[in-house]
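There are two complexes below, and they share chain A, which is joined by chain B in the first and by chain C in the second.
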Partner chain A sequence: MNPSIPPSTAEYGGDEVSAIVLDPGFSTTRAGFAGEDTPKSLIPTYYGRYSSDGQSKLVFGDDIFVTPRPGLSIHNPMGRDGIVEDWDMAEKVWEYAFTSRLTGPKPGNPLQNGLNDVPEGELSTEMEGVETEEKLLADSPLLMSEPGWNPTKSREKTIELAMEKWGTPAFYLARNGVLSAFAAGKASALVIDIGASNISVTPVHDGMILKRGVQHSPLGGDYISSQIRALFKSNAPQPITITPHYLISSKTAVDAGQPPQAKYKTFAPDRAPDASYRTLLEERTLSEFKECVVQVWPGPNKLSATGPNGVSNEELAKSSPGRPFEFPDGYNQVFGVDRYKVVESLFDAKAAIPDPESAFPAPTPAQTVPELIKNALNGVDVDIRPHLLANVVVTGASSLLYGFTDRLNQELMQMFPGPRVRISAPGNTAERKFGSWIGGSILASLGTFHQMWISKKEFDEHGPNIVEKRCK
Partner chain B sequence: MAAADVRDMLDLPAEGQPRPHKKQKVVEKRPEGITRELYALLGERAPPIAINENRYKGRPKWTSKKRVQPWRMTPFINSARSDGLVLRHWQRQHESAKVPALEGSEMDVDEKKEDNADASTSDNVPQQDSIFAKYNIKARVPNRYTDEEYNRHLKNDDWTRQETDYLMDLVEEYDLRWVVIADRYDYQPHSVDGDSNNTSALVPAKQYRTMEQMKSRYYFIAASMLALEHPPSEMSEAEFELHEKMLKFDADRERSRKELAALQLNRTADEVREESVLLEELKRITANEQDFITERRELYSRLEVPISVGNTTMYQSSQGLSQLLQTLLQADKSKKRRSILGPEGGAAPSPAGATPAPNAPSSARDSRADTPNATPAAAPTNKKAAAAAAAAAAAANKEAQQQAVRTLTPAEEAKYGVQHHDRLAPGVQFRSDRAQKLTQAKSNVQTQKLAAALAELEVPLRLVMPTERVCRDFEKLIHSVNLLLEARKVSEKVESEIRVLEAAKEEREKKAKEALEKDGKPEVKSEQQEDQPLPAAAEESAGDAEGQEKGATDESGEKAGGAGAGEEGDGPSHKRSASVLSNASDKSTKRQRK
Partner chain C sequence: MPPFRDEHILIIAPGSQVTLAQLGLPESFTPARFRFPTRMFPAEKKGEYEPYKIRERRQEVPVSNGNGTDAPKEDVEMKDAESAQQDGAVKTENEPSEQPENAQKTEGQDANGEEKQGTTTEIFYEEDVTSDEGAVYPIQSGRIVDWPCFFALLTHVYNTMSPPFHTPIMLISEPAWSARDRETITQFVFEKFKTPAFCLMDSALAVCYGYGTSTATVVDVGKDKVNVTAVTDFLVNEHGRGIALEGCGGDYMTDRIVELLGPKGFTREMCEQLKRSNITELLPPGTPLPGAAATARQGANPAASASTGTKDGNAPNENIPRGPGEGTQTGGEGNGEADEDEGVLDVAAIVSGNTSEFLANREKEKAEKASTKKGATDQSGKPLRLPNSKKEKASFQFEEYVRIEPEKDTPNGPGRYMRQSREIEVGVERFLAATPKQNSGDRLTGGLLEDIATQIHHTILAVPDATKRSELWDSLIVVGNGSKIKGFTQSLLGTITQKYILSPSATMFTSEIPSNFSTPLPTGGTNTPAPSGQAGPMNHPAGHGVNPLLVAATHANNPMPGTPSMDPAMSHHRSTGHSQTPTSVKTLRPPEYFPEWKEQSNTNAPGAATTGGPGAPSGGHGMEEAVFLGAQVASKVVFVIDQGVSKGFMSRVEYNENGPSAIHEYTM
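Let's turn to the complex of A and B:
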């Protein structure tokens, strides 16, 4: 390709206006420029809060994992259902997502940035009339994503934030189901999004969600973590405790199943971080466990069912070789059939490992993935159901569980033996993780999309309710 | 062992060996930089040194010496927007109007305008319209009705004016995407009333509108508005079609169709499997039918080939067969192919080997004379020997059958088509041929009569399925048809004879009357003469056919004869045959008297 000749616009329909795409999730927040293939800025939505010298301080981004500061507590501005709860902090986290990698911090007021210290009383009065610093996103349109069940109030709040606080010239709020479908190159699709706090099924028709079909349930990645914790508690030789890396000072190798031999770090009670910090870091170990060990029973039936030749699937699963995992403290064990059990409840509510201490109540059958899909399809017109089944898009980082799409395919084929079922799940990890961001990146860089933006002028004219009219 | 031997043993055709391809001559391309003459001197093999010299690419040739065209962040507007939002994108800046256009002409024009303006002003006042504005297309929705129009034409008990408005708004908003419209349809009837006191009383139970209801309402309105705009008589064809289509929308039918679609979607796995199995079966059956039809056609075309009657007899003896083999071998050799028999067969060459295939019989005779060892059986005793061999074989067969694991019951014999022959004719013949021969009578006329009789009985001349039983019955049938034909012939003869005699009698009576008038004679003698010839004639014809079935023939002959006489009128042939018959009857009477 000759770099001196631009591709003709008709070729790809792109017309980039350096828009920023923000895809906030419960676990991570993705931000980047439209037209790129992956988000430049990927930060955890969690933030840390601690006090030092009597001042309350905040930590954002990957920094939250690094230092176990005294009294550091971890919070999340998002609710478990993917709706923003703490707007002030959400704003700060999102701002961090832009400024850390995309726009850079705007130069502060020269009077206050500490470089131009003027003696007291000499403050020149003529400086006060000067316009305060430029807004954060003054020259980039902003495209944000939201879950399909986002309430009106929350949507209005979002546009207010973008227009008034960040000063974006144009704004749009798109459903992440639609964006994931776009990322897969489809205008109509059944989007199955397996996220950290939620799984959702969104029927999309011609680039618009069908609200009556949108289904979601809390059996996401965090639920799987809670199942793994329940498994560790009831582990056979001895219960496994997860000790995060920051509590280990040294360890020696032990044989499988032997108690760990490690030296632990201890923190004085007043120096120790909050319990939420430990939970966050344990979660990191658990996600490693999910990546390395956990496997979805590939089907064709439930794990508890009996196979065609009289052998129960569980026996079959037992006969497959186990997978070893070493914990940060050196304890290691081979996980056999248990690695299937922790995710089985995504498809079979009865298979959930009971854990009374868990934050998640036992799942109901209606919360499982097959039921969600069934309900979603029952909510839409019968004419488009076969088309949706032929365009199933799987996205979300938790859908990367080994064997997930195979099982999903089996379940769908069993539920709907008639129509053709076709799952489109990108094999590329990044495309699966950032599906809705990539869709937003595509959408915001399209030339035809520019008429859809809500401009500042329109916002001023119609007020925040315009988001309901325009972002359908 | 050669491959040919193996082929011989396995009875494989010998021609499965394609000759190795001729080696393609690889024509090497003449490298650049060498003259043709020099290259020709090099011969076929190029020298082992590289002739091509490696050269560097050299400097790229610049197509033009124009200045580099800079890219600028330029603002633009989109005319599809109503608010004039200014966005900025990177745009190539053209230096002058002479620069050839790289992009769409539309953009070019805009940019030229921009170039004319000052650079600084162009930053602030964007004149360039986005090229994507042209894609802003809305679906065509009907004109909105006025109050009067609504009240006069569009009133409906089921739909309030407000709800209709709401529906029309949604249709416009979602560009007739019915799936989305039905999904977002959420009409609150009381919101229009406004007064909160009455709401509790007035709010009707919120009814759920199906997509069919919405569609039928919308189509009714759209069709009515179209008709109001242009009366149907003035509509263009497309408009009229649309109008008709919208008027004919049937919500009930649509609903039942969707119910069926839902049923189809929610089939169980068994039903789906059954359907696929049935479809597979159907496919198989149709494929088989096709095969069957082609096979049958082939068979018929083979049967249609005229039967060679002439010289098959000469191949029915083993000697004849060996002759045939020889001729075939000769023909084979003459074609210079690999022989059928392989090396041993080639060891018995003959001078007549070069004779071509068409005059095979004569050459076969020649070759037999030259190579007597090829036909070990003596020529004159050939037939007897063959018959004896066949009998021996049959006997051996019988023995073998008796020695076999189990003897077949008569029912099983019938089932498997096993037959026992006391005597077998030598050689091979088709059963159908034998049946065919029966239909060929000695005379052409007789053959035609036979064919006519068979046609009357609706029996095909050529048997469709010449099984053994069918052939036997066919033989019987032909036999009886022959007999009947004979009998008819006889009865015709008798008939005509009677007529002749009657005529003669009349004549005589006339004469007698005349005589009586003269001398008056009695007429008893003539009656006696009339009775005589009938049995005699029957006897004669029966003697021609079969002696033992005389009585039966007599009866049937009379019947058939009567029928035949009724059908066929009396012609000149009758008269002739009558005269012949009278001669014959004279003879027969003489014989009887003897």
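Let's turn to the complex of A and C:
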């Protein structure tokens, strides 16, 4: 090509638009374009509220972890069971998920965004009266996920929000269990989702959830955090208190088990962040603890059981080297068998560390993972049970706990010695964390999915109840 | 498609303050050849922009035989000739086309109540290169806030470069740009510039290319924001990325100095220049301030220590020029003395010639002069040379442009400016630029560095691949012109060490070492364990607070005598999961095979008088704009070597087929 010859004037004329996939969770909200492999936008569902100059202000996104603000308090629009409680705020959080990384703030007037040549004198007068403000998602179809137990009212509210507030041209609401199964490349599966506020077991058959089999319980990541807190309280030689980084100006190295020597920061009482802010940041340290220290007893059998050669599993666990952890204030300690105990109650309700102050009541046996699976399978047709057991999909960030899938495998083999049990758990962290989002990304980019969308026109004709008919 | 050639590649790196651009890749990669201020001025017609402030000037012109436009032309040329003699760098032939064409005849208008007969008022438009009055900054905190203006800037840059048609474009994108923003830019570039190939590259990734590393934590300190990005295996980790962290850039430091010195009569401009001067420095945490405040620790009570610096009061608060600073006289037109001419900036000369080159030369001359002068005074005045960080007081040159009113005999000459400079002395405030602000607004900030350190911690912790985190802590890259201030990187490392570095007993060895090793003795070597938190003057803060036993065990190949059990295999003992980070924090060394970048580091190295001091910077200087070096490396790889095989850029054909949203598939 000769550099001095101007290129041909052929220009892109199509309007390829990719759908936006929104996967709202209790702890994080994932959003991105369909067809991509990870969500571009990952924000905490938590948001901060503080007042400055007499005005109430809101903070979204990662900033709440980084910047303490005067009187900042932390809230979550979702309820513990994964159902939206505060719709106004959920809308704002989700909008932030779109606008921060995907769409940007509301699109500007096309006449002034510099992309279009406006000939002199044309268009300028007659366009002035026209409504120019576009809605947030006016040109992107939206696929959203929901938990399997989402009530009708909440589903209708969701489609109203998407259609009326965001102006999306097409919408679909999919169960996150189904999406996780799709992400694993399966149309039928038993999906075990270990989230922050919930664990759920969802039987999926031919891309539909079997509603009677859906089970969920609150023993998620936050429950494990509460168990770790209980452990810290009863720690010997002294109880451990977590002081988040924002309250510390510098720390000094101390030996293991020695009291911390750190310089603390103080805030004036009228400017100090709220207690909920501290809890949020303590949770950050706890998740680091979960990543580095906590381990699931891999089995076989429970931690409290005795192994085949007469040595109790707990003794066995004790003999494995402990894991050190340093807290933000410099306190550090090695955690031995305790690191197994904090998660044991996910499988064995009796093993829970008692803590009367915890927000979580002591777990019942029916809430543990093995029981949930048993109940889920009991709720579905006998014929498809073996098929489901051969396609167990593990997803959710808390399932990344070290040794979790090993233990799950052991438990399943014990409960169902007959049929073939096969667990599919992606080793890739992102795939495990964003399972349901990735499934949504796949689904929304399929050509055959196009007929499934609920269009704006259909919504206008049938009202919000159409979501019950179309998104099953 | 024929291959792209080095000399055709156009690279543009927009920033909030400066947009870097270059056409063609040189043999050895150089700092950006063009630096455009990222601002435009609204033109007379709404929606259009001009690169410089256009001033309107009316003047009376005697009407002589109806040929009104010729008269000013002559005048301007005469003016030019005169200034050409002074500066010797003026191209007169550009001049006439520039002004009289714009002139409008407005006959019969009476401006000054002078005689109507025989004169008309001419309106001249002249470009005022030094003014930023009414400027529109299209990028703020990394975000594009004014699209028409941003596009006008891109067009201006493109036109200035005037590349041939077969020019691939590499545009460095800010992390704050949303996916839709990138699509909009892609559409604009393809449809306006008709480029055959376009690559939109993330700035953090470009820095990694510049440093030749695949994994790094890039801290980009801009004007009023900071971006912190963890890059692993050439992939940008979008989750947990610190995007446009507000109130953390270079402006923070200026604001802080204004806060400290404002009551003493310093203007913001003075504080800005003080910040840029070589006497302003960030001392590592825990370093005592020089002079009377020797006991006061940095950050302990900044307000108190700040007040100790300038007790005698006469120095900074009066705007009296100290000493016979050069250019303090308003040099008359014909004086011809070299010293005085220096202060006068001939706008016409700049406008007609190559602006940046001209200014650069000028700066250079000045700098040379200043340094020789300064050296002289330093030697005569202070026989004992202390490093800057030990001096209680120091002075810097404050320079400002003053517009000279047109003189009576040449009323139609282009605007002239005079550079005035004077010495201003400041106390220890100059070390407190990063200390917590008193008025921090909505943020409960612990100071600039602490906020950045918090963000780094958050970002690295959010990297899903936990095994990479340790490497990320050990490969910190601090870039951006906000980090130019002396000691910035060292202080940042010190802050991280203070707050986040794990004590050795919390790392992997505690559990395995027999109890008699839990408090190891110093090995008598170089690494005497100092109490942590004292980052001190040493160049490797990573060496601090880390148990020598641990260092030896992890870094040396041979096990230490007497500890036979500690072979490196021990570190793999914990096959489960991973351990906590960071156990150490280090900065990456910039590449050494780009001489032009090294050279720049020399000119940028602050004050020769202070080198060798404990706070002396250790590398990193000159690499603030490493993003541009990386952009050149990447352009070479993407456009020339790879030729699009691995989808490094989007070609025009692909654009025509798939539209702007396909840009996301080109993973740069």
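Basically, the second predicted complex is superposed on the first by the 431 of 472 C-alpha atoms of A that agree within 3 Å, B and C clash if a C-alpha of one lies under 4 Å from a C-alpha of the other, contacts with A are read in each partner's own complex, and residues count from 1 in each chain.
Rule of thumb we're sticking to: a contact is a pair of C-beta atoms (placed from the backbone, for glycine too) under 8 Å apart; a residue touches a chain by one contact, two chains touch by 3 or more.
On a predicted model such as this, the values are computed, not experimentally measured, just so you know.
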Margin query: In the overlaid three-chain picture, which partner chain does A:D355 touch, first (chain B) or second (chain C), both, or neither?
Written below: neither
Margin query: For A:E468 in the superposed arrangement: first (chain B), second (chain C), both or neither?
Written below: neither
Note to self: One more residue to check, A:H205. First (chain B), second (chain C), both or neither?
What the structure shows: first
Note to self: I'd like to know which partner A:S18 touches here: chain B for first, chain C for second, both or neither.
What the structure shows: both
Checklist line | Partner chain in contact with A:S249 - chain B first, chain C second, else both or neither | finding: second
Margin query: For A:G322 in the superposed arrangement: first (chain B), second (chain C), both or neither?
Written below: second
Margin query: Quick check for you: in the superposed arrangement, does A:E160 touch first (chain B), second (chain C), both or neither?
Written below: neither
Check: Is A:W453 touching the first partner chain B, the second partner chain C, both, or neither of them?
Finding: first
Notebook entry, point to check: Looking at the overlay, what does A:I384 touch: chain B (first), chain C (second), both, or neither?
Noted result: first
Item checked: Intersection of chain A interface sets (partners chain B, chain C) -> 4-6, 9-10, 15-18
Margin query: Looking at the complex, which residues from chain C come into contact with chain A?
Written below: 1-2, 8, 47, 147-148, 150-152, 164-167, 178-181, 184, 187-188, 190-191, 194, 196, 238-242, 245, 285, 441-446, 450-451, 454-455, 457-458, 461-462, 464-466, 498-500, 502-508, 510-512, 518-519, 531-533, 545, 573-574, 576-580, 652, 655-662, 664
Item checked: Footprint of chain C on chain A - complex, ascending -> 1-7, 9-12, 14-18, 33, 36, 38, 40, 42, 50, 52, 57, 62-63, 65-70, 99-104, 107-108, 112-115, 245-246, 248-256, 265, 267, 271, 273, 284, 288, 291-293, 295, 321-326, 330, 332, 334, 402-403, 429-430, 433
Next item on the list: Could you please specify the touching residues of chain B with respect to chain A in the complex?
Entry: 69, 78, 80-81, 83-90, 92, 102-104, 130-133, 135-136, 173-174, 177-180, 182-184, 211, 258, 261-262, 264-269, 271-273
Checklist line | chain A to chain B touching residues, read off their complex | finding: 4-6, 8-10, 13, 15-18, 139, 141, 169-170, 205-206, 208, 210-213, 380-386, 414, 416-419, 446-448, 450-451, 453, 455, 457-458, 461, 472
